[in-house]
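Chain IDs A, B and C follow the sequence of writing; residue 1 opens each chain.
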Amino acid sequence: MLLDYDRLGWLRVALVGFTAAVAAFLLLPVVFIVLLSFGSSRWLAFPPPGWTLKWYQQLLDDPTWIDAALTSARIAAMAAILAVVIGLFASFSLVRGEFRGRQVLRGLLLTPMVLPVVVFAIAIYAFFLRIGLAGTTVGFVIAHTILALPFAIIPITAALEGFDKSIEDAAIVCGASPLQARLRITLPSIRIGIFSAAIFSFLASWDEVVVAIFMASPTLQTLPVKIWGSLRADLSPVVAAASSLLVGLTLCLMIVTALLRRKLSR
Amino acid sequence: MTRSFLSIRAVRKTFGAFVAVHDVTIDVPKGEFLTFLGPSGSGKSTTLYAIAGFQDPSSGDVLLEDRSLLSVPSHKRNIGMVFQRYTLFPHLSVAENVAFPLRVRRRPDAEVKRKVADMLALVRLENFADRHPGALSGGQQQRVALARALAYDPPILLMDEPLSALDKKLRQEIQAEIRRIHRETGVTILYVTHDQEEALHLSDRIALFREGRIEQIGTGEDLYLRPASEFVAGFIGNSNFLAAEHLETAGGAATIRLADGSIVKGVKTTQAFDRGQKARLMVRPEAFRLTPGPASAELAVEFIDAAFFGDRRRVVMRTAGGEELDVRPTSDAAEPHGPDSGRRIFFDPAVAFLFPA
Amino acid sequence: MQGSFFRRSSAAGLPAGSGSALPALLLVGLFFIVPVVALLLRSVTDPEPGLQNYAALFGSGTYVRVFLNTFLVASVVTAVTILVAFPVAWMLAIMPPAMGSVVFGIIILSMWTNLLTRTYAWMVLLQRTGVINRALMGLGVIHEPLPLINNLAGVTIGMVYIMLPFMILPLVGTLRAIDPMTLRAAALCGASPFEAFRRILLPLSLPGIAAGGLMIFVMSLGYFVTPALLGGTSNMMLAEMITQTVQSLLNWGLGSAAAFVLLVVTMALYAIQLRLVGAKHAGGGI
């Protein structure tokens, strides 16, 4: 009866109320930051004395914000592509391979997700200082690809495990070469997994702060580093404007994901 | 009126515009084994759930010894239940599962221990006390569920298709167990199934459900030998239906004309017919004879096929009107051999029933 | 035999089907394993060979306090997250899908929103003159603004906010896997809702709670951004200390030693989590 929604009685009122409160708690900062970005108070008073777009104006007039956003997008796109391609190859091996230590390999490739980022950040920073990649785009992309790799491997292996391999074999029996069968049968079948992998690994790089703080140079900083710097300096409303744009981007991404998933799963 | 033990009074359950149960009324005496039989979606499980308290009826009442159960939450109804799927608690051992209802009732340890031992003996699983449900077969799990449901001596035991997940051999084995346990404990059992053989085998009485209503309630013999409708006749046992025309009825015995023009007298019926009304005559496969007996009607048939089942023989025949007949003659006469169009078969009109078409 | 994308790997003398994992292995080996091992070596070689960095780490009250505080914050965050997440996951598991999908949407939105954005919002919300304090004072609940930021309360609120989706989503799966009939059976056996919860629902969801809780504890131990922005100097956590030691103090030896301690604790707990849920479902947050 505890798992029958319509037989919970007063308990349901309490639990639904609690759930609604938690949902409100989860929504609060997101909504708040968007409202705040339109408020006219330099000191972030809320409710604001008036409404304005001047923080957006300041944001868009400042080339360092635009640069940071473009740098982030460039690095995240490259890291996502690399992570998905490398992750796709690795997934075939992890799901279909028949060798000892397959689980160990899987654990190893997923470790970057579990190890505290700060440990990896100082390790890769020290390493790149030595080999001269610190503060370079290449260094950024390598570090973020490593962090994004688990986020690519998990959905792709999940999709691949759910794909019935006998369909691929049937294609081969029909005369397709193994490579053709993979490209024309298997990849389209696991496209939802690949698509999730792309989104997750893009976000893993796009939102990454800790490695970026170490890797950033005065000439190369990502959006999170720019925000981080502003937060440490002062709580300027310009950050609220930037954050609101990020919230908007998240919403777009969610909608696109939902639509694409619906379309792809047809 | 006799005071009944469990009384289901005009219970009705609607889901939106759909009426799942139409005003079902049943009185169950103490110690009875009553089966709710019917096809899926006929309202039998919904009625059982109303008694268990999983669903509130839209109207009507359920009384146990004249007290309404409806305002009593499930956990205070003191009813035992065995479910279709095994609902054993997977994190508890067999003994702990059986002890569960006693623990929540805060019975003393010694009593719990004794009762668990008794119950496991009752279902013959003494040696499995420390196993976990995952390590048991389906049949064993269902026996543990039975022990758990009986551990607190509930006056009523509900069973919701408890054997449907088991294979045929196990089903028969557990049916025997259930009969024995009913005999030994004297508990009142309400049993839901869609399997008519199971119902006939187990029950004192059967309530046959159809589209949310009780079509007929009575002993297995009542339903088999005196079906109240064509649906009952068709659902219980095997039956053949022949097109007929009603001529007249006198004292529960009707005279009819079959499709081949022959007149049959003395057919049983409980319904009123007009002269010339279209009707259907039901004859059980085993009511056919291959040789004429006293007071028998006859049919011209064509032999189609025969199959041997060890204890009986099944013959398929076709009437002149093209109706296929399932015939299971008791081995009293010459066997039919090969196609033979001139053959006749015979039946006693007193065991044939007439229903409206 | 058909493990690799192109098949063929066994011809190269590699274990069957391992070939297509090579790029990933190379990448992780060269740019993950090598740097991390080099860092760990640095903790016993920088500035000179020996264990003096570890002696400094465990010998100083300041650093020991950072360790204790890290464990304290991670424990509090884990406990609060479990307590808040369980009822929500419970409802999400059984609520009508139309209602549930709204809550799921909010959870995903919150989870996908930039980490700094969320933390920034809490900084503004929780400050002395922030909305929360003003609202509480307006309602007459308090007369003085509560110190909600740069202390344990601030870190807890901010971290619980971030961790909640990682607890709720896997727990919904755990709870959905429990047959509702089992709870009906418990009720008919005479168990009151409280008894059914205590003896059946809670024990059956315990594996999910333990796995999720451990994951959150591990994530909290190494968390950097939120504690650095919402916590105070008096309750600094390990990740922030490591960053400061390396970035501001340029003391690579000591920072590496602290990083090694964090790594060992994290990996040990991760191993326990793998035991609990099986390697397949590790990191079930996404």
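Points worth noting:
Just so we're on the same page, a contact is a pair of C-beta atoms (placed from the backbone, for glycine too) under 8 Å apart; a residue touches a chain by one contact, two chains touch by 3 or more.
For clarity, every value in this text was computed on a predicted model and none was experimentally measured.
In terms of which chains touch, the assembly is arranged so that all chains touch all other chains.
Remark: among chain pairs B-C and A-B, B-C carries the greater number of C-beta contacts. One simple way to say how far apart two chains are is to compare their mean CA positions; for chain A and chain C this gives 16 Å.
For this pair, chain B with chain C, the centres built from the Cα atoms lie 57 Å apart. Chain A and chain B have Cα centroids separated by 59 Å. With touch defined as above, residues shared between interfaces to two or more other chains in chain C number as follows: 182, 184, 186-187, 193, 196, 200.
Contacts with at least two other chains are made by residues 1, 4 of chain A. In chain B, the positions touching at least two other chains are 54, 74-75.
Residues 52-54, 73-81, 83, 85, 87-91, 100-101, 103-105, 145, 148-149, 152 of chain B touch chain C in their complex. Interface residues of chain A facing chain B in the complex, by the touch rule stated above, are 1, 4, 7.
Those residues of chain A that touch chain C in the shared complex are 1-5, 11, 15-16, 18-19, 22-23, 25-30, 32-33, 36, 44-46, 86-90, 92-94, 96-103, 105-127, 142-143, 145-146, 149-151, 153-155, 178-179, 182, 200, 203, 206-207, 209-210, 213-214, 224, 227-228, 231, 235, 239-240, 243, 246-247, 250-251, 253-254. Residues 1-7, 15-25, 27-28, 31-32, 34-36, 38-39, 42, 84, 87-88, 90-96, 102-103, 105-110, 112-125, 127, 129-131, 134, 161, 164-165, 175, 178, 180, 182-184, 186-187, 193, 196-197, 200-201, 218, 221-225, 229, 239, 242-243, 246-247, 252, 255-256, 259, 262-263, 266-267, 270, 274, 279, 282-283, 286 of chain C are the ones touching chain A in the complex.
Residue ranges of chain B in contact with chain A, taken from their complex: 54, 74-75.
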